[in-house]
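The same chain A turns up in both complexes below, where it pairs with chain B and then with chain C.
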Partner chain A sequence: MPKLLGRIGRSESVNGWALVSPAVVLIGIFGLLPVLMSLQLSFQKSDLLTPATPWVGFENYRKLADDPVFVESIKHTIVYTALFVPGTMLVGLFVAAAMNRSLRFISVYRTAAYVTMAVSTISQGIIFLWLTDRDYGLVNAALNAVGVPSQPFLASPSQALFVIVAMTIWGWTGFSVIVYLAALQGVPAELHEAAAIDGASAFTRFRTITVPLLGPANLFLLVWLTLNALQLFDEVYATTRGGPLRATTVIVYYLWDRAFVHFDAGYAAAMAYALFVVILVITAVQFRVARRYVHYS
Partner chain B sequence: MIRSTSRQRLCIALAAVLSLVLAACGGGGNSSSSGPTKITVWHGYQDTEGTAFKALLAQYNKEHPDVQVSDLYSSNDLVLQKVLTAVRGDSAPDVAYMFGSWSPNIAQIPKLVDMSSYVSQPDWKWDDFYPAERAAATVGNKTVGVPALVDNLAIVYNKKLFADAGIEPPNANWTWDDFRSAAAKLTDPSKGQYGWLIPADGSEDTVWHYLPMLWDAGGDLLSPDDKHSTFNSEAGVKALTTLQQMAVTDKSVYMDTTNENGPKLMNSGKIGMLITGPWDLSSLTDISYGVQVMPSYAGAAGGHQTISGPDNWVVFDNGDKRKQAAVDFVKWLTAPEQVKSFSLATGDLPTRTSVGEDQAFVGQLDQKLPGVGVFVGNLSNVKKARPTVQQYPAVSEALGQAIVSVMLGKDQPADALNSAAKTADAALAGS
Partner chain C sequence: MELQPPSLPSPTRRRRLRLPFSPWHLVLIPLSFLLIVPLLWMLITSLETEGEANHFPPVLFPATPRFQNYSEAWAAAPFGQFFLNSALVTLVVLISNLIVCSLAGYAFARIRFLGRGALFVALMATLMVPFQVTMIPVFLIVKWFGDNVSPFLGIDHIGALMLPNLATAFGIFFLRQFFMTVPVELEEAARVDGTSRLGVLFKMVLPLSLPALSTLAALTVLTSWNDFLWPLIVITSQDQMTIPLGLSYFQGAHRVRWPLLMAANVMSLLPMLLVFIGAQRYFVQSVASTGIKG
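And now, the complex of A and B:
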């Protein structure tokens, strides 16, 4: 018997490897290999053009600390993330709670809430460019109608980043609605019934029953949205190209600009790795803190 | 931020690049001694241009049975990234269309064919190309490519808006003061109407609108040895002050931070004047427009100027046989007859002086696309070219930020230019 089991075990593992190997190979070539090669690149001076890529040690990483634009881009990224993540979660929770009931045409509303996720980020950028245009945008037309003067929005260094926050919250709300809606449907109805019999108001029930049970959904959204916020690129590329006056230059945009506009790929790779470490640390902290607050049952 | 949709796009792009690489490898393996020599051209021509280009290719393939040229569309903006990838993977195209502003950088690619020994042969008629084109194709003692496209900037104006405002349309002797006062009169905030529109994202698109003004005022971007910046001169301040007066004092300029709105707003009658190139003319279908050369500064040293952004056909070395076939093809493609037929079919400006000075031809072209004749004549006003130094992107970026900060009213011309010059000098010294 043990012999037979061993053979089955071995053939099972061979089968297993055979089944996963296409995925492993693809992820290896297109995921892991570039990640490792860019680590190597971050220690070199490379313009992607010339074959000579001299080894410069930690020079690229040292340069990061002295680069005022990089420091500025970190600030913009932090401001963006700090507004975008809670904003998307709150709006998503509100919409999901509003839709977590049996209404006529509920599936229409749910589809409508999710549909922004189907809009490509580039189209979304172009739509918002026109909506928020200083002279011809609908948003300013609406503001003017209630007596508020026109705002420059994306054309203003002091407003552009906030417009991008609003725009991306709009784009991501559907995602957080879906996650929250699923979590809300998992909240047992009998708990609510029992509490209602004991005389708890709807708000109290939401606060003391629903919210604690949303812990896993909160954690997932927090981690996932933070990951994405720190890597903001498409929306900036499509709207402001990091401007005006670098007001919306976030880390990944600056990295792209260094590598493909200024041909400083080694430096850009160092920036990418600095960001990678930051993301790793933030995610680890999020999971650690979450252990105390998130209950899975 | 990369959401699933864009990630999918990325995967598709990767797959496309991969298949490109594979296709190119397949082509490479096929260069056996028998059969035609196969070469590939990467270009960004679509629509009318694409049809005209394919017709030229078909003609060439028919007339040269020993060579087979195939083409591959690749967006011009992205072609450099793709070529770099392909060069790394040892599957470079034989010929690629490249922006002239990349010349100093692509000159570093080892597989690039230095065309200088070819184009110096008399039958290439190298001197027949406009001087600015030749300058943009030359980096040090290398000739990195052969002119594929030339353009320049001129005023395109809305005739009706000028008539409504009761002002004379621009003439060839306009000064920047005339330009400024016309823009102010054309501006009507209540109608959302502006005298002028400038691309204001601080990119090279912003900078190249400023450069002819700088040259016009008698200034220059860099010192003759390209070692340090000189744009923070009196002339530089004068040119930037004009922009400041128009944007901050008169508020007669729509600052387009997207660089996309120009032709759309112009076509919907919201903008009195654009300073742009011939490529925008075909989208101005709803208005009656005129074209006039750019203004100059009264009595300034530089004289009338404009700027040109020539692009090149660049040849890569994939073995002697393919290299020779590619060089021969480029020679044919850029010969006067082909320049003429392509220009006529597309409305693109002719890249050769002999064609541009052919009045019958220019008349024909202007009939096809009204106003383009002025652009052809304007080619002789292109007196200077951007410096072909590798640090140009850094210089351009510093200057672009300075221009935008002044036009947004955040800085004064002299201060902004001085600090930009400092940044640019650091980049120039850092090589």
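And now, the complex of A and C:
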């Protein structure tokens, strides 16, 4: 031990620890400690108020498997994620590809896409409630104009989740456009010129040159959007509150409802840990699969 | 003739297609318009009477813009207080993050101290933990702070919105990566001359790191300003609400009064929208730099 200290330098260790200590204290208390507390809580019964938190063993986890609402919320989360993630990536790529050129006013067009990122989730929810209103909504007016009858949208158990998908795709457009534009600008122009001289059409060039070079951006968006999709909450709270008929009750909404509406914190902690494991597994699988397809150059 | 590359059209064809502007504008104008329709519709509705809003098919332009919606919305809820709370929370969180993450990021980038590797891994591991896992215990911890340290830091006070967000592992990681690209030679010269670590950090490294600090600042402001779930959990009193929470509360109280609701929505969005457009470069960088290197 003294030897090690001698090598690194005692004063450097003091300096180093002095500089990191504020961060260590803060992240220790609010980032690391809660992970352990949450695990402990998931084996207890707690209402967040009374100090007595009796141990219940695996009871909370057993209850999860038998809870039809939890199973339902997993289904909704999977459907949502499966539509939202590819949807956002496709819209983002399409808009970015269209905006990846130097033109007059291009920065104005790009700002129009980026700005969706600054809109808070609650604002977004309120706007889309109004846009898709059953009786007075702009979307129904547009549908009627092309001969489609008015739809109930967020008021319908069979449509609400899909409206939330569309709404959140809009909200994430700015983010994905920025990521794709940065990636597209990294594609060397010479490659395109060379392929064009060899007779490749614009579509072939996009498919064979641009798309493979977008690998890292695709992987980042896939992982990041999935992570956020599995944690969907705000937009549901602002629009449907999990309804109608629980049709939009996703995992985190149910978790929040259990913990902070019904004060069943132990059960909610177990749910959070289940979500944690699912997120870790999905992320690991995504990176594993991606290793085969993503090329960094 | 067979050597004619397809990307270069013949002169005659080119002349026929010539427009006074690039044809891409014909794609980009409708596309951009479509993207901001939700925001435009919010703005238009905020200037309509309730009669105009509750009309089908919708009234696309109000007969006379009704600006009273704004004054009525402002009077119906303490929006001034919401703004002040949001600004306070964001400001404190921002300043704290810049300082705390700079200190730690610099130490991890430059100083070889005992336990550095393990500590770095432990801090970065928190990046993988979803907020839902920590939020219940953080609620209990914040409650403890309120009961034992200061009520200002406890449940139902804006201090509870600041405390858990004063430092982030991401900020440390982000600044460490940047500091490692700053040339070390200058620092060594200053160190030999007797400047302290802190002196070097504040007088030499941070001034060279303004782009990274601005990027981190943009990200922190956006996250903090628009945060909703945590405020929803800890705040119940109106006078402690931030804008997203206050707006949600307002929505609950005026559910179908759309012009009023949209006026409140426009007011709530305006500050962030202006900051975003003004500092767009840094917001774009904050996403692009995490995205490509991540």
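Please note the rule applied: the second predicted complex is superposed on the first by the 279 of 297 C-alpha atoms of A that agree within 3 Å, B and C clash if a C-alpha of one lies under 4 Å from a C-alpha of the other, contacts with A are read in each partner's own complex, and residues count from 1 in each chain.
Please note the rule applied: contacts are C-beta pairs under 8 Å (C-beta built on N, C-alpha and C of every residue); 3 or more make two chains touch, one makes a residue touch a chain.
Remember, predicted model here, so these are calculated numbers, not experimental data.
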| item | value |
| --- | --- |
| Fit or clash - chain C, chain B, common chain A | clash |
| Touched partner set for A:Tyr136, first chain B, second chain C, both or neither | both |
| Partner chain in contact with A:Met117 - chain B first, chain C second, else both or neither | both |
| Partner chain(s) touched by A:Trp224 [first = chain B, second = chain C, both, neither] | second |
| Chain B versus chain C as contact partner of A:Ile164, first or second or both or neither | neither |
| Which of chain B and chain C A:Asp234 touches, first, second, both or neither | both |
| Chain B versus chain C as contact partner of A:Val261, first or second or both or neither | first |
| Partner chain in contact with A:Leu93 - chain B first, chain C second, else both or neither | neither |
| First, second, both or neither for A:Ala155, with chain B first and chain C second | first |
| Larger contact residue set on chain A - chain B or chain C | C |
| Partner chain(s) touched by A:Val85 [first = chain B, second = chain C, both, neither] | neither |
| Colliding region between chain C and chain B, picked from 133-141, 187-195, 259-267 or 295-303 after the shared-chain fit | 259-267 |
| Interface residues of chain A shared between complexes with chain B and chain C | 30, 48, 117-118, 120-122, 133, 135-136, 231, 233-234, 260 |
| Touch list for chain A against partner chain C, complex | 4-5, 8-9, 12-17, 19-20, 22-24, 26-27, 29-35, 37-38, 41, 48, 95, 98-99, 101, 103-106, 108-109, 111-124, 126-128, 130-131, 133, 135-138, 140-141, 144-145, 170, 173, 175, 178-179, 181-183, 186, 196-197, 199, 201, 216-217, 220-221, 224, 227, 230-231, 233-234, 237-238, 252, 255-256, 259-260, 265, 268-269, 272-273, 275-276, 279-280, 283 |
| Of chain C, residues touching chain A in the complex | 5-7, 21-22, 24-25, 27-29, 31-33, 35-39, 41-42, 45, 53-58, 99-101, 103-104, 106-108, 111-116, 119, 122-123, 125-126, 128-141, 163-169, 172, 197-198, 222, 225-226, 228-229, 232-233, 243-245, 247-248, 251, 258, 261-262, 265, 268-269, 272-273, 275-277, 280, 283-284, 287-288, 290-292, 294 |
| Chain B residues within the chain A interface of the complex | 1-3, 5-6, 9, 14, 80-81, 84, 88, 105-106, 108-110, 192, 194, 200-203, 254-255, 257-258, 261, 265, 270, 390, 393-394, 397, 401, 404-405, 408, 410 |
| Contact footprint of chain B on chain A as seen in their complex | 30, 47-51, 117-118, 120-122, 129, 133, 135-136, 154-155, 157, 168, 171-172, 228-229, 231-235, 239-241, 243-246, 260-263 |
